[in-house]
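Pasting the structures in now, so scroll down.
Look at the two complexes coming up: chain A is in both, with chain B in one and chain C in the other.
Our next item is the complex of A and B:
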């Protein structure tokens, strides 16, 4: 029986058992003179179907997960030739065997190698496994049904059991989310350790030259590659800084206007518009940055340089100007996070109790005095928290910088020059035709780890600050 | 005394009985004040009443009778409510506070307000008291400001408890202390009138007694109007008592008279607990 069929049968039997158990419970209720039934019939229904299906599903999942490995081991055990292979060639050979055994590929008759024989054996074992799996799963389902259906009595605490199971179901969902995160961190960490075996941590953290090109030939110039991450982290911080300088005041001041001054009508128009802005995909911002803002910034840079030449200002005259620039990326990224800062600031400003406003107004303060002297100080921790969350979003942003800031790693403070960021480099390192065990790809994981730690620290600080703020009025 | 059933009395609510207006100089004076919320929702009907110098006027009445609304008209706090319209005349020292050339911000520094729930700013005790003087430039230098803060805290009876912790947050004080801090904050800007909107309803009896004593002391320098739900409080502290009912001012009289021999039956019903 195929997995899909088996699954459908399980679901169908769950439904049937539900109605059967419910019916049984209803009969207790109607039979006169019987003792009080503990739970509503529907709970007996849930109770029955849960104990019929859940254990069977566990076995189903467990079997499906491990069967390929078990069968492979059994197949390899049959062939001395396969046992002789080393680890990586064995996994290659096994992959071929899986492909050949797949029913969609008809093995050619002439192919009578070890692998073909192994594939045949594999196919055979898989069929047995599927049959045994179906039998086992259905048997467990039947057992579960028998054990619950015949044993439920009016005193069975079905309602409480179902409640317990619901708690476990919720818990397991939460655990899945945590495990996934842990898994990602773990894999990034492992690959990073692999990377740091080749490149010393100090070179990575403090090196100022980033050039991950690995030579194709031994004698090629710069064959070793350079993995100093300082220019990348600098680029990230530089662009995020520009973004927050743009977005911080803009977002905060709009939030003050919207929450303190704007009439209901203005608010009802402006807020949805800003939410639309928050919904624009970053790639759209990216091409806006690359095609519109980038050239504008470049022209402005040329103009500055000309001014420098005319007025004999050395710094301006020697300005490096590029179409892909930190400024263009930062400006557009700033626009991107404005709605983010605005809505967070708006929330914390609205959370300042009206009694503060009344108190200040009654002291003879004007509206703007009230805003700047009472409301903003009161909301400040929340606003700072919002800023930090916005910064960690800016740090993780990829598309805009990839399209507008370039991929050249420059350690520069000139916003007209192109810089590159951690995220951009991860993209360029991992896309295209890459070897997956080269230092170059491993470097991406090390960068990812660095980025992850940076944003994690920022988020922890932000959440801490926001939480402290929330407690202030309680 | 006007007699009749409550329904009849409500239908025949006429002019205010007793002595709403005083003979000598009044500090504040309301004359034929109507207040509307959202155009047609009238909250206050034709109220005329005076606030004398150095007196405490207690405003009592069931919830929703308009006493808080009237109080908030006196320093134009109602301006901050959208759709609120005030008609009639309210004067402070003979000047119409609703006339166009009156700045509500300046008015509020002359007519201070203390709220039902203590609302110290999330700043230090010192900064809370210094808030008003700083806004209005009442102190020329730091030493003067220090003196002003000390004076206000002494007047509000909070100095002894807080002189060693002036830089601690005002929100860390107890409820009664917070309310006295709010009073200190209010008197620091040297107002003529202090409006109190149920200033002790969030406090325990001991803190309430402290605040009441304080109000009694403040009477020598300020005119105080206090809204209260506690008739004992009104009887204890006020010189005159005003009874409000459904947006109308039913009776104003010497406090003693209101609580022993009210002129209007509605007042009697209310103070004896027979009402509503």
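Our next item is the complex of A and C:
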């Protein structure tokens, strides 16, 4: 029986058992002189179908998940030739075997290669496995049905039982959050350890040369590639810095204006409009940065250079200018972050108690003096927390830098030059078909680990600061 | 003594009054900064939207050429006869139909090189359109008819005024001899611009004039469907557990809460790494499939939905819960019959916003292979496909000039979708907003 059929049978039997059990409970209610029934009939229905189907479904999922691995181990055990292979060539051979058996190209008996035999055996075992799986799953379902249907009585606490199971189901949904984090850590950590076996941690953290090209031949010059991540860290920090320098003042001052000066009507219009900026997909910003802002910045750079030549300023005259620049990416990223800082600052400014404002006003301070000398000092921890969250956002941003900042790793302080970032390198190293265990691919996982840890730490600090601040005024 | 006091008081007043002008100026200046920074952000937003719509305009029309196509047996390389099977018609030669017609209009072109340039006035897709036309109506064979065919993207760009004819020839994609031909065609009324319907109905193509976003829209649809089916029920269930059943001061529950808050701030590329390592490498799911894309976006959207749902559940007043419990409902009945229905508008609003974020997300999908060139329209969850934002990314990388307009047009379509989703969220919030 195919998996889909088996699944449909299970679902169908769940429905049938539901109605059977419900009917039974209804009969208790209507039969005269009967004792009081503990739960509503519908709960007996749920009770019956849960115990019929859920254990069977678990076995079904478990079996399906592990059967391929178990069968391949069994197949490999039958052939000495396959056992002799090392890990990577074994997985290649197994893949071939899967393909052969999957395509149902029954290898003719004359085809006596090991792989054909193995594929044949694999197919045979898979058929057995499918039959046994169907039998086991259906048997467990039947057993569940027998155990529940004939044993439910009017005193069975069906509702409590069902509700308990539902609570566990809800809990398992919440646990997915932990599983996700575990999955992230598992996937980046394992590969990173693998990476750091070939490239020492110190070379990665402090090396200043990054060129992860793949060698076409073993003896090619520079075939090992260089994995010094300092240029990437610098590029990331540089662009985030530009972004926060733009977004910080803009967002903060806008928030102050909207919460302290603007009328209610202006506020109710301007705030949602500015929040559109936060809803625009990053790929759109990337396109805009690369095609519109990038050339503008480049032209500005040329103009600066000309000025430098005319006025004889050495620094400007030697300026390197490129279309893909840190400034273009940082500018656009800054505009993207503005609504983020705006709403976070708005929250903390609103949390400053009115008594402090009134006190300051009563002392004769103007509004701006109140803002600078009372509100901002009081709200400072919250504002700093908001800025930290914004920085962590900027560090993790991918599409803008990928499209507008370039992939050349430059260790430069010139905002007109192109730089590359951690996220850009992760994407460029992992897109396309690569061998999963090449150093180049592993490097992306090491970068991912660094990125994950950095943003995690920033977020924890920021959330902690903001929460402490909120408690202060509550 | 009191005289001195008055004097010093008057002095203080004077000092204050003297500084007042300055302080008021400062106040006005500060207010101006506020207005300036808000207008700067608004200006940026309008510039962004204007720039992209402006760039997108050319993509909504397409240039067609009117050619007198001679469907003779000779040109089609068919044996003269009365009836043909569809297969015969399908494999007939349509390539030269447009070229021959162009040579007829410009008999003076004899040079091989020039002929090639002239031949390329017509899009390489035109022959397939002609083929479909003949298959649909076999009586065309042996006749001569003037037909509008799709022009090449360079001609298209020129007709839309995107290529400046006053530039020196070496910097122009349309050369001088092509200019003369185009002018002739124009004088003959053989050039026309029409609405670009193919943009919304076709899949991706290497040729800008044949490229469309229908494939990407369908890919996005399948991906979003998976995301919604998984993240909505699971997110709501997790939120209900955390709000209603989770024991207080329990380390495990605290761990879950910390995890959810952190996952909401994890960069999206990291989810891409997770998808690559776990879904594709460990579980062996296929690359580029909407199923995997949906699974990745599900994990990304989950924290958003959980947080929104918790806020919505929290806002249901305790009096309603107590009333339900008071008339004998169990806790589960209270939640499913009263709390969740009342919190539903808030939950839906949060979920729609989460889905809108997922619809615009591209970075993690690049890493699970949805960046591949896919010309076919995906038909299911396992077919290789791409999504709208990734399609935008792919096109923005293409060198042909016409792709700029296509990219912008795709952005406009994406923004319209996002706008509609957000509008729906706002309407839901406004319509079902309850003040307790």
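The working rule: the second predicted complex is superposed on the first by the 375 of 474 C-alpha atoms of A that agree within 3 Å, B and C clash if a C-alpha of one lies under 4 Å from a C-alpha of the other, contacts with A are read in each partner's own complex, and residues count from 1 in each chain.
In this text, contacts are C-beta pairs under 8 Å (C-beta built on N, C-alpha and C of every residue); 3 or more make two chains touch, one makes a residue touch a chain.
Because the structure is predicted, anything quoted here is derived from the model rather than measured.
> Between chain B and chain C, whom does A:374 touch in the aligned arrangement: first, second, both, or neither?
First partner only, chain B.
> Quick check on the superposed pair: does A:360 touch chain B, chain C, both, or neither? Answer first, second, both or neither.
In the superposed model, A:360 contacts chain B only, not chain C.
> Regarding the shared-chain residue A:99, is it in contact with chain B (first), chain C (second), both, or neither?
neither
> Please name the chain, chain B or chain C, that touches the greater number of residues in chain A.
C
> Looking at the overlay, what does A:11 touch: chain B (first), chain C (second), both, or neither?
A:11: touches no partner chain.
> Jot down the residues of chain A that show up as touching in both complexes, chain B in one and chain C in the other.
Residues 364, 366, 369, which sit in both footprints.
> What residues on chain A touch chain B, complex-wise?
Within the complex, chain A contacts chain B at residues 353, 355-366, 369, 373-374, 377-378, 472.
> State the interface residues of chain B toward chain A in the complex, per the touch definition above.
75, 77, 80, 105-110, 112-113, 115, 117, 119-123, 131-132, 135-136, 171, 182, 185-186, 189
> Show which residues of chain A lie in contact with chain C when the two form their complex.
So the residues of chain A touching chain C come out as 159, 163, 166-167, 169-171, 173-178, 180-181, 183-184, 186-188, 191, 249-250, 253-254, 256-258, 261-262, 270, 273-274, 276-277, 279-288, 290-292, 335, 338-339, 364, 366-369, 371, 389, 392-393, 395-399, 402-403, 423, 426-427, 430-431, 433, 436, 444-445, 448, 451-452, 455-456, 459-460, 463.
> Taking the complex as given, what residues does chain C use to touch chain A?
Interface residues on chain C, with respect to chain A: 16, 23-24, 26-27, 30-31, 33-35, 37-38, 40-42, 44-45, 48, 51-52, 55, 233-235, 237-238, 240-242, 245-246, 255-256, 259-263, 265-274, 276-278, 281, 299, 302-303, 306, 330-332, 356-357, 359-363, 366-367, 369, 371, 389-390, 392-393, 396, 404, 407-408, 411, 414-415, 418, 422.
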